[in-house]
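First chain A sits with chain B, and in the next complex the same chain sits with chain C.
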Partner chain A sequence: MKFAYKNKETVIHRLHPACKLIWVIGILFACIIISDPILLLLIFFSTVPFVIIGKIVKEWFSFLKLTLWLSFFIIVINMFASQYGSTILYVIPSEIPIVGKLKITFEALVFGIGMSFRLIATISAFAIVTLTINPDDLLQTFLAFKLPYRTVFTTAIATRFMPCLLNDVDTMTDSLRTRAYNFNDGKFLQRIKRRSVLILPLLSNSLERAIQSAEAMESRAFGSDTKRTIYKKIETTLTDYFFIMLSTLFLVFLFLMLLFNIGSYNYYPSLDPIYINVSYMSVALVLIFFVLAPAVFSPLKKVFDLD
Partner chain B sequence: MIKINDLTFSYAETDKLALKNISLKIEDSEFVLITGPSGCGKSTLCRCINGLIPSFYGGKIHGEVKVQDLDSIHTPTNIMAKKVGMVFQDPENQLVAMDVEKEIAFGLENLGFSNTIIAKRIEEVLDMVGIDHLRNRLLSTLSGGEKQKTTIASVLVLHPEVLVLDEPTSELDPKGAEEVIQIVQRLNQELGLTVILVEHRIDRVLQSVDRLIVMKEGMINYDGLPRGWVEVSQNTSSGIGVPPIARLGLGLKQKKQDARIPLTIKEGRQFFTPIFKQNKWKVRELSESHVNGNLGKPIVKVRKLWYKYPDGPTAIRDISLDICQGEFIALVGRNASGKTTFAKLLNGLLRPSKGMITINGLNTKNTPVEHLAKFVGYVFQDPNVHLFADTVEEEITLMMNNLGFSSKLIESSLDKMLHQFNLDHCRKAYPRSLSSGEKQRVALASILAAQPKLLILDEPTRGLNYGLKKNLMEYIIEYKRNGGSILLISHDIELIAEFGERVVLVSEGKIIADSEKHQVLSNSLHFSPQINRLIQPFTKYGIPGDLLTVNELMRGFS
Partner chain C sequence: MKKTYTIVALLLACLAACIIFSLIFIVDLSEHWGIFALVMMIFTVFIMFLQFERGKMTSKEISLVAILSGFSAVSRVPFAAIPGVQPCTYIIICTGYVFGPVAGFMVGATTALVSNIFLGQGPWTIFQMFAWGAVGATASVLPKLKIKGVGLVIFGVIWGYLFGWIMNLWYWMLYIYPHSFSTFLFMMVNSVWFDTLHALGNAVFLVLLGEKTIMILNRYKHRFHVEYSPHLQTSKSTKN
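Our next item is the complex of A and B:
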């Protein structure tokens, strides 16, 4: 399974889940408030060391491959859909009813690229977190934030069934194709309709699975009145607190950026100039520092935490 | 002790009784095997013991179920869990955690045990079940058998007094199944745990159980020693098979030989030595069935076939073979030896990496799956993945419609199929609501209605009891009689010994043996049927060493 967590004993895997969670929230937040394409690209590049130290290059790349495709579409669609911008690169000669003549502008192209940097940086960070946090630990972390156990647990179980569901889709598709059922017959809408035959059987399988799962859990005393204990609770060491603090500082820094309107960038009507001066450089460096910090300091865990 | 007194139960929204006046006492440390045709109420009975019925399912219940001093009917399952551990069919749906240790800890966490006790108990059960080496593994990396062993451990950790297992091996390959059964036997013998096992492959466990309960239509049909059942079974049509070795005992007894009925090969050799010694063997007449002379022209040609999964292993290595019209080929081999990959190459779901396959003259490399479907029918192991339509009728006509058959042909074909597969009574029923035997028949009918030239069946008998298996084989043989070819992928050696003709043995993607069944299946430790293993020491008395079935052996007796 390409997208599933694998137990690799790297320093990135051993970072406290809370640290990684706050970090990924930070990146998401950063990608929302920052629109400067260079800063976005820098954020993306700063996530790459996590991938290498965490030995998840192959899995991470599968996530990214999908995103690159999506980015390509974003850029193309934005080029045609966005009619703002003053530097016209090309005007489509034939007129389209209502819309008129479509023009492609340089600003729209750069805007599309900027957006895809935003997407790629976010997905990269989420991929890193998904691939390096053990779902059991994630569950514990959510519980530590005082979320109700049953809700958290049910969600966790539901995500566990995802691979089973995907597997069902594959087998059922194969089964229908071997019965001469052509999924690609007809136009787009018809194709979607032809795919919909899978929905009910999939639902029925999932329900059966849910019942079986509930039975098995009940038979192992799930939902008994006693207060639940947690085996192998994640221990939070001093070093962990240091990392959690680092990620929290990252959030604080981002908040300041938002407050002082740093990192915003106007694409339209014409691109803002970017002055690479001392203040710009220092903002970029602090940003890179915070994104990179957990990876850079992660070997500390090996030094200070036994086991 | 488990005491069940006059237990009657029907599920919610139906008046049909799933259990009728069941009374039963199970002593401590007893090993009880419960069996019976599908829908006979065995799973329902299990769920009454740990309280899932009625507390989880609802329904109407009368009578009394007591496990030690606990009343199962009025005690919630999560409390019963301390007394009764329950293991279900599909390990996949029973697992909740990411790794083995966490999985085992789940029950104890629910009951609020401290970390010290949990750690100690985990150590205990890891040893007990023999999965210490798996303790830090992620569950997603385990095989089916290993997963099922983990679920057994995760139930045992609560220190139950009774272990109930509801068909724990039906989703496993033979090796996994064997391992699970061995563990259950050990738990009963060494720890004295009371075990209630629901199982359809009774030949594996018959010798080690203390007691056999056979159910039929919600009632207990037989309750006693396993050997006793073998003797009465010949007079009943219970749909439950007895092991070939016991059938041989029965056969010999009928011939007025003073035979005892063995349950294992070891017993068989002890009991039958004098009989085999005394008997004069007829000149064998077997050879005529060995050579199948009247085969048609080849419809499938496989030449120097290789297949490598993208980013994966090479699954098929240099396979060449022909499948002729009217031929019955059984494909056997260990797990992951390339059997299913080969089948998927035949119907175009996978395309050859190297080499060529032609089906009825069409090269599979450039013919869409949907076109090949006209010639190759594929029955998946789980009938549920075949069922998409709202009625049985629509399910059976689906493929014919896709292939553009005329409405007249569809009509007549549908009637024929419904009749032939004994589905007339449920033609308007929702296919997924049928019994497992009926579902299997609908799946098969939905494929055979389009009259493919080659029928591929992937493990069609896994999880089926003897009666259903036999029915299924009858349908398949009928199809072959009408000129169809069959490729059967199966681990069920006894079935292949009885019904197969040509056997292809594959290992690591290569063909190791490809010949008539007597040549491939005889004198091998793993791939020989029971009777063949039994007779090996007796070849010195003139018994041919390649006999495979009870009938073949019986024919040789004078």
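Our next item is the complex of A and C:
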């Protein structure tokens, strides 16, 4: 297990974490309030340029694999569970106890597909953010948002110790293997039992580490002063403020969409017709603009912020 | 304590304002269940974080909570090959049992956050934080009710299923329609295999390692927690 994040020198990686965080919250919010399948698909396609510019295509695909599996479930569950549609495709001939006769409708199928677009768009955005924000920078941004210090600090220690603890697991596994201990013998219960020998030594080891890190904290007078110094500070330049403003405007636009009920779509009892007129086009264009904006303007980081 | 109540009251007021606002302006509220669920989860997690912030904790206890979260996230690795089995839940139960509700919640919530830094964040992170946090917080009630042994194992089994149902919620609310009991039942039936494995795994871990883990944690708790009693200090000084 390694950090999902890898340090690559692309403009997407260099974007301010706050901008990317607000952007992903915006996409999640958009995916919740919008149910129109075309708009959802457009949001998904608008996230793709980030993947290409950020050079994270391979990792991004591995995230999407999981989505395909979940999407399949969404379509199947909706097809069987929803009985509201009017265009019947198939009626299951035998009666099911409690539920009765089930019918599969065209509307339920389209709803399932629309919802899987919703899932794909959300997960694509989250994958981009997970893959391009350095975990340390993320935690510092949380602090800048005035999130409780102790909580963020706890998460930071836990994140930093993970590779260390993973090394411990590897060492212990190897030492047991050299004594011909087989972790894969037996069935379900036996396998759990065989692997659980690792847990208690690992627990004692990590608790000893906890004492060491606490002593290190105390020797630096942790908690004695509310004014804290930070080892590495993220600089916020004028361009960063511009990007943060763009993402915030995205949120404002979404709030307006929610207020005027734009982007919602009725699947049941029969599909709403979609009129691609000027107002629909303009909403779609503005939406695409805001989703794409950080990627489109990202070269500005290269032009204005020289390291 | 007063301040905590004020914060909770303020958050509840905000929530009420959100709901009233939406009732007035949004025609069909049932379409936006997802947002409310998400907002409420975030509030709950945030309130517990504030509680952690305000409690009296030494640096040793803070580092203990951090390392235990890291440990429980790492413990997922050796068991990754067995589907559904996650030792995190049993570790979080033991932590809540020994260190109380706030530490239990924190270890649960941080486990989700930290392991997802490696496995990938998503809308499920906040639900995992809430679910595992709730496991830790509720486990703290057990020692007060003097439940141990078999009771602890039953508790683990129950949470194996409850955890799965809470995780089904985000999926059900955002992607399934209509929001009726029958669709939720459908979801539960779909995930019952994984939940059973999770519950079974919890039971096995608690039977095999539960008591020992609690013993180890108790030992470290005594080592870590130092209280300075003014009464003792004065009596000592008079003796000298």
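Please note the rule applied: the second predicted complex is superposed on the first by the 232 of 307 C-alpha atoms of A that agree within 3 Å, B and C clash if a C-alpha of one lies under 4 Å from a C-alpha of the other, contacts with A are read in each partner's own complex, and residues count from 1 in each chain.
One rule holds for everything that comes next: a contact is a pair of C-beta atoms (placed from the backbone, for glycine too) under 8 Å apart; a residue touches a chain by one contact, two chains touch by 3 or more.
Computed from a predicted model, the values in this text were never measured in an experiment.
When the shared chain is aligned, no partner comes close enough to touch A:190: not chain B, not chain C. Of the two partner chains placed by superposition, A:282 touches none, neither chain B nor chain C. In the superposed model, A:134 makes contact with chain B only, not with chain C. Between chain B and chain C, more residues of chain A are touched by C. In the superposed model, A:4 lies in contact with both chain B and chain C. Of the two partner chains, chain B is the only one touched by A:171; chain C is not. Contact with both chain B and chain C is seen for A:217 once the two complexes are overlaid on the shared chain. Legend: residue contacts after superposition of the two complexes on their common chain; A:86 is shown touching neither chain B nor chain C. Applying the stated contact rule after C-alpha superposition, one finds that A:181 touches chain B and leaves chain C untouched. Where the contact sets of chain A with chain B and with chain C meet, they give residues 1, 4-5, 135, 157, 168, 198, 200, 204, 209, 213-214, 217-218, 222-223. Chain A meets chain C in the complex at residues 1-5, 28-29, 31-33, 35, 63, 70, 73-74, 77-78, 80-82, 84, 99, 111, 115-116, 118-119, 122-123, 126-127, 129-130, 135, 147-151, 153-159, 161-162, 165-166, 168-169, 173, 183-184, 188-189, 191-193, 195-196, 198-200, 202-204, 206-207, 209-211, 213-214, 217-218, 222-223, 258-259, 261, 264, 267-268. Chain C contributes residues 25-28, 31-32, 34-35, 38, 49-50, 52-53, 57-60, 62-71, 73-75, 77-79, 81-82, 85, 87, 91, 106, 110, 113-114, 116-123, 171, 174-178, 182-183, 186-187, 190, 200-201, 204-205, 208-209, 212-213, 216, 220, 223-224 to its touches with chain A in the complex. Taken together, the chain A residues at the contact with chain B in this complex read 1, 4-7, 134-136, 157, 160, 163-164, 168, 171-172, 174-182, 197-198, 200-201, 204-205, 209, 212-224, 226-233. Those residues of chain B lying in contact with chain A across their complex are 47, 50, 52, 56, 76-82, 84-86, 88-90, 92-99, 101-102, 105-115, 118-119, 136-138, 140, 151, 154-155, 158, 344, 347, 349, 368-371, 373-374, 376-378, 380, 382, 384-388, 398-399, 402-403, 432, 446-447, 450.
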